[in-house]
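Two complexes come next, and they have one chain in common, chain A, joined by chain B in the first and chain C in the second.
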Partner chain A sequence: MAKETFYQEYEIFSKRTPNSAFQHQFSLLAPNEDMAFVMAQENFMRREPVADIWIVNRKHVRKMDTEEKMTLGRLENKDYRTTKGYGYLKKKWRQYEQEILDEKEILSWGGERK
Partner chain B sequence: MTSSNITAEEEQLSRFMERIESGDKIEANDWMPEEYRMTLIKLISMHGMSEIMGALPEKEWVPRAPTLNRKLGIMAKVQDEMGHGQLLLRVTEDLLLPYGKNRGDLMQDLFNGDLKFHNVFHMETKTWADAGIIGWLVDGAAIITQTDMLKASYGPYARALQRICAEEVFHAQHGESIIMALAEGTDEQKAMIQESLNRWWEALLMFFGPASKETTGSSKQDLTIKYKIRTKTNEEFRQIFFDKYIPRILSLGLTIPDPTINYDSESKMWSYQQPDWNEFKKIIRNQGPRSEARLNLRRQSYEYNSWVRDALSETVS
Partner chain C sequence: MSEIEKDLPMENKEALTSLLFQLADDDFMYAYRGSEWLGLAPHIEADIASSSISQDSMGHAAMFYSLLEDLGAGNADNLAHMRIASERKNSILTERVNGEGYYMEVPHYDWAYAVVRSYFYTQAKKIKIDSLCGSSYKPLAEIAVKVKMELYYHRLHWETWFKQLMGSTDVAKQKMNKAVELVMADFGDVFSYGNQKLEIEVSRLIESEEDLKAKWHESIKPVFLALQMEAPTIPDLPSKNGRNGEHTKDLDDALLTLSEVSKLDPVAIW
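Coming up: the complex of A and B.
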């Protein structure tokens, strides 16, 4: 029954701009990689801008099963790993008449000196 | 089956229902009860095939669109519908894995009548206004049922619907644009929309299905609600459709072809003339006005294009 099984399953990833992260779009059936690229654009990128496409044959994707996913839950007492654990600093700096240098501020520092 | 097996299955089922109740998403390779899998397969394969069959009445209007711009617009919509079919068949195929079936088998099921396509796509299109009514009101009705399932418990379907609904917005506006041009046109054009609305009204009511299973003897609405695939009943969808579209239809100077239609502000319910549910029963048995013609067109196209599948299979075998 070769006729019925010649399709392979591909998982399609793409990104909108050179700087954005790859995002999983969906899966599709294609007989080979070249066709998968054509189908990916036809199926998922008819409108939105696209800067790059990855296709992965589904047999190469190692997925987690339900049991494994259950191990992914995080403990909720890890504030010290995030800025949330230092939330009191905003109030402190205000006492010294200074603004806190938060994530939004710091990540905006790449450009010209203002 | 031993009693310990039964307990294990019961435990799986109760964990499954807990996951659904908590808003967790079920994925293709997760354990799921047979009833859930079968409900999804029925729903999504029918949705997928309806996208493909729904492209056929619209495709008829590609060569007859009145301007180049309209032609491009309706071609894009037809292509989208086929794309939606591809997405949904993919979701169905993953669910069909334990049964060893694929989209070729689904296509055969469609041809031999085991797999139904949506009742609204068995109807005839007669004028350009029909292309507008389909985009505006048929896609509008589809948006109401599909957005209800954006949070469906089955993750792959919910994600497919995210993509589909985003494009449906374009389809609805494409239809509105056709209707708006005709509504602001000549008397003949205005009459053309009214005539089209008169013909499509019953089909629009039937779109959502009967209120209860008493009409046709079976209904999947209870199961789909139980498994949190959708949240509302057929009648609730129909009432929402009236809420949203009746004021818009009237605002364009059109008349609802049902003199009995009435809104009760106390119960917040519309009362209306029921469509002919016997006609509905005929349609879902593929005995509607265009059922056979559209199925034949699909059969011919499937056979005509078999050389593509043959050629592609040669390259990999």
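Coming up: the complex of A and C.
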């Protein structure tokens, strides 16, 4: 195990309003969580509205190694998974809407059940 | 059509077409079986992650079918949906059902089987894709480089599941070991090129069956070693060879389901 030093590295997250998402802001050195809290507040958040703060010891962050970063590659062949692959639907929909809905058409929607 | 494609000698083209069908049909059936898990995987994140992998794999199948389309084998969608079982070249492993029951009724699928099949299959696919990156057929080598990009994640995903369940409770281990037996019983044709073996290997489209089998075995060894288990061996002779169009009833049933919609209206524009 690595030698424990007096100062540890903390990652600081905060949000501006109760309903906004937490954002990573910065990191700082502190001997423990409580000290990290007050340091974060005093040093970096004096001039900005803050609704909440999270402190995470950096050693508790599971990071990716170089090999793991290889798993992030993706192919650009996924139009069918996003709505942009279905851009033509709007036009098709409009066409059907313009067709007259007669009784025969509506009754045919029930179909025959096996 | 590029110069390379036009210049292919006749025997070479037959070997190439056969290999492309093997790759395309494998991913197509693997993705189809994976898609049957939608909504049924052990928890919601596993459901989404595995479905996403199935969709990626379907994307890979589409790329291989499009290479066949370029060679004049027919329309890619039709190649995927309309061919009968005896024309298909997927391995038996990829066509096997996920377990008892049917997903539209009462599925009793086996997650251990899904994990082992997916892990062993993806590991085998990685070995093949690595080899295909140096294929003598350039368009295939180019596709392999692309497919490889997404295999890092697929492989890591299934290897993680495999290690976690194998290192879990006695019940989990028991189910996993049973799944390993089932999967290995069907592994005989995974690295087979069927009756095109000689032509495929001589044309240097991909390395030999034997080389790839050895590489697969080497690649899973460390995982089994860490679990203090012996890595399984690939059966020498498959009971049925999917590469030669020999298949089980599972494939017939799957084809009926997966082609149902496209056969309703073959001229529909999607």
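We adopt the following convention: the second predicted complex is superposed on the first by the 84 of 114 C-alpha atoms of A that agree within 3 Å, B and C clash if a C-alpha of one lies under 4 Å from a C-alpha of the other, contacts with A are read in each partner's own complex, and residues count from 1 in each chain.
Rule of thumb we're sticking to: contacts are C-beta pairs under 8 Å (C-beta built on N, C-alpha and C of every residue); 3 or more make two chains touch, one makes a residue touch a chain.
The structure presented is a predicted model; accordingly, all values stated were derived computationally and were not measured.
When both complexes are superposed on chain A, chain B and chain C fit side by side without a clash.
In the superposed model, A:Lys91 lies in contact with neither chain B nor chain C.
Look at A:Met70: by the touch rule set out above, it reaches chain C but stays clear of chain B. In the superposed model, A:Lys78 makes contact with chain C only, not with chain B.
Which of chain B and chain C touches more residues of chain A is settled by the count: it is B.
Of the two partner chains, neither chain B nor chain C is touched by A:Arg62. Across the superposed structures, the minimum distance from chain B to chain C, using CA atoms, reads 17 Å.
In the superposition on chain A, no chain A position is in contact with chain B in one complex as well as with chain C in the other.
For chain B in complex with chain A, the residues that touch the partner chain are 29-31, 76, 79-80, 83, 86-87, 90, 93-94, 102-104, 159-160, 163, 167, 309-310, 312-313, 315-317. Considering their complex, residues 68, 70-75, 77-78, 81 of chain A touch chain C. Within the complex formed with chain A, the chain C residues making contact are 55-56, 59, 62-63, 146-147, 149-150, 152-153, 156.
Chain A contributes residues 2-4, 6-8, 26-29, 31-32, 35, 42-44, 46-47, 63, 65-66 to its touches with chain B in the complex.
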